[in-house]
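Before any comments, here is the structure.
Letters A, B and C name the chains as they come in the text, with residue numbers starting at 1 for each one.
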Amino acid sequence: MIALLGENGAGKTTLMNILFGHYVADEGAVEAFGKRLPPGDPRAALDTGIGMVHQHFTLADNMTVLENIALGTQGMWSWKLDRVGARERIEKMSFEFGLAVDPEASVGSLSVGERQRVEILKALYRDARILILDEPTAVLTPAETEALFATLKLLVAQGLSIIFISHKLNEVMAVSNRVLVLRSGRLAGERVTADTNRGELAALMVGQEVEPAPVPPSEPGPLQLVLNAISTQKRGSGVSLDRISLSLLGGEITGLAGVSGNGQAALAALIAGVEVPTSGEIIVRGTTARDWSPRAALAAGIARIPEDRHAVGTIGDMSVTENVIAERYRTPRFSSRGFLDWKASRAFAEEIIADYDVKCPSPEARIRLLSGGNMQKLILGRALDPQPSVILANQPTRGLDVGAVGYVHRKLLEARGRGAAILLISEDLEEILALSDRIIVISKGQLSPPSARGQRSVAQLGQLMAGHGMETA
Amino acid sequence: MEALDILLTASFWVAAIRIASPLIFATMGELICERAGVLNLGIEGIMTAGAFAGWFTVYAGGDLWTGVLVAALAGAMFGLLHATLTVPLGLSQHVVGIGVTLLATSLTYFTYRLLLPEVTSPPKIEPFQPLAIPGLSSIPVVGEALFTQTPLTYLAFLAVALTAWVLYRTPLGLAIRAAGENPSAVEAQGISVTTIRMGAVMAGSALMAVGGAFLTMSAFNSFFFEMINGRGWICIALVVFGSWRPGKALIGAILFAAFDAYQVRLQQITGGVVPYQIFLMMPYALSILALILVARRATYPKALMIPYQKGER
Amino acid sequence: MRLEPKPAPALVVALLYPIAAIVLTLAFTSLLVLAAGASPFSVFYLVWRGAAGSQFALLETLTRATPLIFTGLAVAVAFRAKLWNIGAEAQLYIGGVVTVVLGTGLLPLPSFLLIPIIMIAAMAAGALLLLGPAVLKTRFGVDEVVTTLLLNFIVLLFVSMLLEGPLKDPMGLGWPQSSKVIAEAQLARIIHGKRLHYGFAMAIVSAFIVWIVMKKTVLGYEMRAVGHNPQAAAYAGIPVNRVLMKTALLSGGLAALAGFCEVSGLKGNLTLDLSPGYGYSGIVVAMLAMLNPIGVVASAIFVAGIFVGADAMSRSAGVPSYIADVMVATALLTMVVAILFTRFRLRWK
C-alpha cells in the first residue's frame, strides 16, 4: 500500500485523475503492467485494472447498488441486464472482503460509509488490481475509518495494490508500506513507512520544518453571538441541528472540529443567514434577531467566508468589482436612490486588491479567471473590510497552497486581535488545534461543550468526533 | 346524465386513444432526453418536421412505413443539432431548444411552400387504416378502444414498453439514467457521457417526429400549418406529470387525451352556451394545473439541464 | 474536448464572432435559395432592396421593428435574470386587449391623458400575466418555460373569445375583430402619410431606459447577479425571489407595450393576427443583441429588415418568404455558439 501524502492543493488528486484518465497530462505518460495507457481514457484505465474511489462519490442516487456497480460492465447493446449474475458476484465479494451492503438498496438511501463500500465494490467488481482511494477518510468517523483500514489490509493481503491519498499523517503512518510526498505538484520525497516518522513526513510536506504561526494568548472580550437551543429543518440526506447552543466571545477563535457531514453545513448556513431556525433564538450582542436572512446576518456585523468559493462565494461571470460590493451594494457608500456608484465600487475593489495582495488583471476582470487563492483573498477582503464583530470562516483554507493558507490564518488572527469573535469550521484537526482558543466538536448535529486550548487530547477529540461521550463530555 | 354516458361509449375511448397516440410517442421521446439530462424544447418544431416529412414521403409515392422512417430520421437530425449545441458545447438548453423549434418549424414551412407552391387546399394521402386485432377487438369497450386502432397506435404502445424495458432492464438504460442523475458516475465507469446524452437526444427526437407524423399519416391525411398546436409543450408537462416514468407518463397521456376527447363532446352537448374557446383552453390549462400539482414532490433527474464536462465533478 | 474560460477579447475581436455567425447564417440560407432554384446573390440583394432600398422600404422596416424592439427588450430583461419568458406573445396580446378595452370610447379623455393611462394599464396587464409563471417558478418550482408557452395558447384563445364576444366590432361584418380605437387613443405618425408612428420613438426611449436600468441601477445589478448565480446572490443577501418578481413585471410590461403600439399606432383595432410571432422573434432579437438593450434596437431593425425584405423578394423571385424565418432561427443558433466562443475556447484533448 502506497500512501500519497501532501497538503491540500499539492497535486495529489490531479495526479490520480491523470492516472485514471479523467485529465490529460501536458507531458509524460502513464504505464501500467508494462503497458502504456492512452491518455484521457478512463475506459482504458479500467480495463487495465485501475480502479478509483473518488473523493466525491460517483454514484447515481436514483439507482440501486447493483445497478451502480453493474453500470458499464456489461455489453452496452445487450437486450437484458444480467441481474442474477451481477447479484451473485456482488454478494460473494461483499462477504469475502467484509463490505456489507444490500445490492437491491437504492443508493440515495445509503449512509456515507455504505456509499464508500459501494465505490470500493465497484472497483473490485471490475477486477481492479490497483485501487486508488482519494481522501477516503474525510467523510468517515474514526470507527468507520478503522473498518476501512481493515478492509484495505485484507485487499492488500489478496495481492491488490492500493494507492491511498491523504493529507493526514497519522493515517498514512498507520496503513501504508511506502509513502510518496507531493509538494506543489512535485515529488518531494519517497520513504518506506517503517523507516520514517511523522516529523520527517511533515517537513517534506510543507517544505521546511515550519513552526506554526505563533498564536499570542487571547484576550477574551464580550459575548458577540449566542445561539440558544437552535434547531433547523432536515434537508434531504443532510444532517440538521437539534437544539444546539453556542456562544462566541470577542477576541477568541472558536474551532469547530468534526467529521465532514455532521451538521457543519447546517450550522454554517444558519449563522450565514441562509438557513432559518425552526426553533431557538439567535442573539447578537444581547439583541434577539427577529427575521433571519443573509441580509440580517450582515447587518448584525457577521462576516461570512463560505465553504464553496466558486458556487457560493463568488459570481464567476461577474467582475471583481461587482463581486466585492455584493454584500453591501445597498449601503450609501455604493448606491443612492436605486443607482449604483460605480466609481466608488471600483475604488473599493482596487483598495481590496491592493490591501489583500490579490493578483488580478483589473477590477473589471471576470472573477472566474482568478486562481483559488486570489479568489479567497477577495472574499476575505470583502468580509473583513467592514471590521465585522463576528466572523464565520467555513473551511477557509481548503484547496489553497501553503502560502495562501498562512495568509488566511494571519488575517484571522489579526481580526481576533481586533476583538472579533471567530468561528472556524474545519475538517482539518491540525488547523483547528493550531488556531483555536476554544474547541467545540460537532457530531450528528450535536455540539460538545467547549474545551480550552490544550485541555483535551487529540484522542479525546477523536472520541467526541465519533459521537462517543458527547453527553458526558 | 348525458354528459357522463359519453364516458361509457366505445367510440369515445377510441377517439381518446387516437388523440393520445401522438402524445405518447412525443412524451416517450422527451422522457428519454430528460432521463439522460437534456431538456429538449425542440419538441414542438421536431414534431412539425416529422409530420411533414412522413406525410410528404407518402405523398411523393413512398409507402407508409417508409414515411414513418423518414420522419424518424428527420427527427434524429434535428436531435443531432440540438445535442451538438447542448451536450459538448453545453449551451443553454432553453435557448437552443427554442431555436431548434423555430428552425425546424420554419424549415418545414419553407420546404412545404417550395415543394408545393401552387396548392391552395392541402393535398391528401391515403393514411394508415384501422386494423382490428381479431379476438381482442371484440371485448366490449376496452377491446374496441384499444384494438381497433391504426398500426401506428400499436407502435406507440410498443414504444412505451420498449422505452421502459431499455431504461430499466438493459445496460444501456442504466447508463442513460445515470447520465441524467450523476454524469460523473457514468464517466467513472469508462462510458462517455457525451455519447450517451447525444444518442438519447437523437433517439428521443426521432420518437417526437414519429409523434408528429402520426397526425398527418394516421389521425388526419394531410399536412397543414400550425397543426402541432402546442402538443409538444403539453408533452413536456406530461413528462413531469409522469415523474419521468414511462408507465406513469402513458397513463398521463391517456388521461389527458380522454379529457380532450371529452371536452369536444361536451362542446357538442352544451351547444354554444359556453364559448368554444373555453373548451379549447382546457388542455393547456390542465397541463399547467398538472405541473403545479406534481411540481412540489417531483423528483427531477438531478443533472437535468446541467451540462457536463469531462473530468468535472 | 473541453471548454476553457478565457479572458474577454478586445472589442474589435469580440465583434468578429457575431459577424461570423451572420456569415454562417447567410451561407446556410444560400443553400436553401439554391435549392429553390434561385441565385443567392440576387435573392439577398432583393431582400436588401426590399428592406432598405427605398424610403418606403426603410420606413416599413422601422415600423416592423417597433414591436420587435419591445418584445426583444422584454426577453433581454428576463433572460438576463435567467427568467425564461417565452410568453412575450401572450403579453403582447394582453397589451392589445387593454388598449381596445380602454381606447374604443370607454374613457373619453384627451390624448395626453388617455395614451399614458392606456400605456400604464397595458403594461400592468402584461406584467401581471408574467407574474403568474414567476410565482409558480419561485413558489412551486414549476418551470416557467412551459407555463409561459402554454399561456400563449390560452391567451390567444381568450382573445379569440373576446373578439367573438364582448369586444366584437358590431360593424365588422362578422369578422373576429374589435372596433377601432378612438382618435384620442391613436399614436401619431412620425411622417405624415406614412405608416411609421411614434411607437418607434417610444421603443427607442424604452431601450435607453432599460439600458440605464441594467447598467446603472441596483435593480439591474441584482438581476444580473441572480441570472449568473442565484445561489451566490442569495448568500450575499440579494433577495432572489423578489428580484425575479420585479424582473417579471418589467419584462411582461415591455412586451405588452408592443401590443399597445401595434393597435394604437398601426392597426387601429385588435385582430387575431395582430402579431405574426413577434413574441417568439423577440427571443431571437434579444439573443442576437447578446441581451444588450441598445443592441436590441439594432438587431430588431435587422430582423425586421429580413422579414420585410423577404416579403418583397418572395413576390419577385419566387423563393418562399419563410426563408426569413429560417434565417432568423439560424441566426439565433449560430449567435449563441458565437457568444460561447467569446468566453470559452475549445481544447481538443
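Throughout what follows, contacts are C-beta pairs under 8 Å (C-beta built on N, C-alpha and C of every residue); 3 or more make two chains touch, one makes a residue touch a chain.
This is a predicted model, so every value here is computed, not measured.
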Linking chains that touch, what shape results: line, ring, star, complete or other?
complete
Highest contact count belongs to the pair B-C
Just curious, how far off is chain C from chain A if you go by their C-alpha centres, in Å?
46
How many angstrom lie between the CA centroids of chain A and chain B, rounded to a whole number?
44
Per the C-alpha centroid definition, the whole-Å distance linking chain B and chain C comes out as 29
Which residue numbers or ranges of chain A touch two or more of the other chains?
40
Residues in chain B with touches to at least two other chains are numbered 310-311
Touching chain C in the complex, chain B uses residues 41, 81, 85, 88-92, 94-96, 98-100, 102-103, 105-107, 109-110, 113-114, 117, 229-230, 233-234, 236-237, 240, 275, 277-278, 280-281, 284-285, 287-288, 291-292, 295-296, 298, 309-311
Please name which positions on chain B make contact with chain A in the complex.
169-175, 177-178, 181-182, 184-191, 299, 301-302, 310-311, 313
In the complex with chain A, residue positions of chain C that touch it:
5, 7-8, 216-219, 221, 224-225, 228-229, 231-239, 343, 349
So in the complex, the part of chain A that touches chain C is made up of which residues?
24, 39-40, 272-274, 293-295, 297-298, 304, 306, 311-318, 322, 326-327, 329-330, 335, 338-340, 342, 361, 365-366, 368-369
Touching residues of chain A toward chain B in the complex: what are they?
17, 22-23, 40-47, 52, 54, 56, 58-63, 67-68, 70-81, 122
